[in-house]
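Both of the next two complexes hold chain A, though its partner changes from chain B to chain C.
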Partner chain A sequence: MNPIMKIILTFYFTLIVFLANNWISYAILWLLAIISIYFSGINIKTFFNGIKAILFIILITVIIQILFSVNGNVIFNYGPIKITNLGIKYGIFIFFRFTLIVIASTILTLSTKPLAIAYGIEKIMSPLNKLHFPVEVLSLMISIALRFVPTLIDEISSIIKAQKARGANFNNGNLIKRANAIASIFIPLFLVAMNHASDLGDAMVSRGYKSNVKRSQYHHYHINHIDWISCFTYLLFGVLIVFIRK
Partner chain B sequence: MGDSIVFNDVNFSYHSNDLSHQALKDINLKIPYHSFTAIVGKTGSGKSTLVQQINGLLKPTSGTVMVGNSIISNKTPDKKLFKLRKKVGIVFQFPEHQLFEDTVLKDVCFGPKNIGYNDNDVMTLAEKSLQVVDFPKRLYDQSPFNLSGGQMRRVAIAGVLAMNPKILILDEPTAGLDQIGKRSIMNLIYNLYCKRNLTIIMVTHQMSDVSDYADHVIVMNNGKMVKMTTPRLLFENYNLVLHNNLRMPEVVNFAYHLKQNGVSFSKIPLNIKELTTLIVNKLHR
Partner chain C sequence: MIWKMKKLSVSDVAILGMLIAVNFILSRFTFSSKFLQIDFVFIVTALIGQWYGPIWDGIIAGLCDIINTLLSGGGYFPEFTVSAILGAIIYGYFFYARQNISWKRIIVAQLLVTIIVNAFLNTLWLLIINHQMPVSLLVIRLIKEVAEFPIQIFCIYVICNAQSIQRVKNSIDQK
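Here is the complex of A and B:
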């Protein structure tokens, strides 16, 4: 699929999630989410590993929300803790809402290469060019930043190893010692990042990079029938929700 | 008597559930106490992975590593490894990337402080190690980032030496230095080896360092240990060298060329001195 379309649809999905306000509309959204996961071709296991941690955080938020709900008929009461039927209902809705948004953005990030996302952002923002906003430079910055994430992760792990070998202990010891251990990672990391940046800058300049020249694209993305089908499906679901919501 | 290092059926994989791509396969070896062992092999053959098993920075996926009487296996808790790290010092590839304090002296203090020496001892250890690596005293209060590459390397080595390890592991200690810098770092390591009764394990791509300094050599290829032998036996075995993407040291190469041209020696010379003696003997006869 075209990355531009994917980004737009993801935003659109987030919007209609906020429109939903009853059981049926959430059910419809879930259906759409499941269809999207299915056709994205992402391995279900990878998908769940990706959202596991954040699901847990959402769950805790929702539980707290439920425990201290105020409106509706009280089902259970213990000291400051009060659980009401409406509280449970809204808790579940909030849980659905966050989870669906997380699912949508996870589909986007797992099924799209970082460079394609940067391309999509550039195209979507390109109208800003008229206002002399440097969209292309921004998009280049985003793609470079994304490109260096794995490199920096490698660097971090090798620095951590080196400091561990020097007896750094990140889990024990008093506050000062621990702060020092953490500094022992971040200062070298910062330096390495700076070195990468200046090397990259030199390499770009020596290969003739100028920010005011139009750059060509290595990949060309076309909008094809799959994009139109998904677009249509999403619109349909959106309309459905507008009618079903109370 | 000091500690020797024993690997028993060590397998290691960076992605623990994927055994198809193992970084180490069935490693069995023994590195004796107070030996100078070189580890050679082409890029990606698993040398760095191998040495990191010795102080538990990486734990074997299966099998055990024994350092003296401490055992490292998959299940060894990190607390125990902390103790081991006092005994085994590692100087990493490009160790200057680990410097972070605002002065050289402070940076060297980091290691000994971490493993619990008191402040006085830390200072003596740090100053002594900086002396050992020949680091000029007037630069002690400099920022480590203003030094030349070779000086940074020395500071980083001093930082590990200050922890007083019994086993010193060096991963390509001379990579990226100029010829003189290389020589002086190698001499420094060899002096340490002789004076402090250390066990030295050195990963290297410099075959002349193997022939000049090492007494044992481990040949790695594709995650497997092809052979553990002595430098002389390694360089006498032309095929072994060839098949593992290694090169002969210059001196040995020279001897082979002479042999091709009809001048053969009674043994393969490992260094200039041996070569000279052999040639002189030939000429006098």
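Here is the complex of A and C:
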């Protein structure tokens, strides 16, 4: 699929998740999510590994929501803990809402390369060019950032090793000692990043780079029939949600 | 002057690209103790605010928030992008074009970010997203903000006043 369509549909899905407010509307959204996972071609094991960590955070939020909710009929009461029927219902709805949004983002992340996401964001923002918003400059910055993330991760692991060799302890000690140890990573990291920026700036100037010039792109993504079918399906489900919600 | 969008040179574009890369890395690099887990993205935001002002800082913070969420696979909530932009504008307003930033200035800026953005706006967004929120969760959020406050001030002071970083930035500007 075209990355522009994928990003737009992910945002659209997030929007319709907030419209759902009863069991049927959530069931429809789950159906759409399952269809999307199936057609994305992502391995189900890889998919659940991707959302496992976030699911844990969502579950904690839901448990707190259920245990301390005050609205509705009380089912169980022990000290400050009060479980009500509405608390359980809203807890489950919150779990559905967050999980569905995370699923949509995970489908986008696992099925799209970072540079394709950057391309999509640039194209979506391109109408802002008319308002003299520097879309192409921002797009270049994102491309530079995505290109240099692996390089800087290598650098940061070298910095951590070097600081450990000098006696820095990142895992033990009180809060201040550990904050100090972590701060010792940041200055070398920023220096390395600035040195890379300096070299890159020189390279760009020496090759005659100019901003505010129309540029061609190495990768081209076309909108095909799969994109239109997906758009239509999402739109249909969105309309269903609007009619079904209370 | 402070609300004018600074015209960027080629080197500035390279610096900002690199700082966005650091932002992506720091968003995944958390500092955790038994009771607290914080990330250090605010350092990059403070540094961009100091060098490029509130407008560029706000734009880049908003963009980073969107891309970070899309790349990490977490759920995207546009409300938090508003928080990221506002926090960056506050840093940019207080820190822009200052070689040395005083403790007082950092404390005031961080206090505003903590109260307006982290404590008020982010809690409001959570209330909107969850429809309701137990008081216990609000208390936990407030305790976290209070615990993070001194660490954030310390980190901003160290990085934004680091002579070695400022020297490299000045040498790039003079090219």
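Throughout what follows, the second predicted complex is superposed on the first by the 240 of 246 C-alpha atoms of A that agree within 3 Å, B and C clash if a C-alpha of one lies under 4 Å from a C-alpha of the other, contacts with A are read in each partner's own complex, and residues count from 1 in each chain.
Here is the rule we go by: a contact is a pair of C-beta atoms (placed from the backbone, for glycine too) under 8 Å apart; a residue touches a chain by one contact, two chains touch by 3 or more.
Computed from a prediction, not measured in an experiment: that's the story for all the values here.
Once the two complexes are overlaid on the shared chain, A:Leu191 sits against chain B and chain C alike. Of the two partner chains placed by superposition, only chain C is touched by A:Leu110; chain B is not. With both structures placed on the common chain, the touch criterion links A:Ile159 to chain B but leaves chain C unconnected.
In the superposition on chain A, A:Met141 makes contact with chain C only, not with chain B. Residue contacts after overlaying the shared chain place A:Ala183 against chain B and chain C alike.
Residue contacts after overlaying the shared chain place A:Gly50 against chain C, while chain B stays out of touching range. Set side by side, chain B and chain C differ in how many residues of chain A they touch, and the one touching more is C.
Looking at the shared chain after the overlay, A:Trp228 reaches neither chain B nor chain C.
In the superposed model, A:Gly167 makes contact with chain B only, not with chain C. Look at A:Ile94: by the touch rule set out above, it reaches chain C but stays clear of chain B. Note: residues 183, 187, 191 of chain A belong to the chain B contact set and to the chain C contact set alike, using the contact criterion stated above. Note for the complex: chain C touches chain A at residues 8-11, 13-25, 29, 31, 33, 36, 40, 43, 47, 59-60, 63, 66-67, 69-77, 129-137, 151, 154-155, 158-159, 162, 164-165, 168-169, 171-172, 175.
Chain A makes touch with chain C in their complex at residues 7, 10-11, 14, 50-51, 54, 61, 64-65, 67-71, 80, 90, 94, 97-98, 101-102, 104-106, 108-110, 114, 117-118, 121, 134, 137-138, 140-146, 148-149, 152-153, 156, 175, 178-179, 182-183, 186-187, 189-191, 193-198, 200-202, 204-205, 209, 211.
Looking at the complex, you find that chain B touches chain A at residues 52, 55, 57, 82, 85-86, 89-90, 92, 95, 97-100, 110-112, 114-115, 145, 159-160, 163.
Taken in their complex, chain A has these residues touching chain B: 155, 158-159, 161-169, 177, 180-181, 183-184, 187-188, 191-192.
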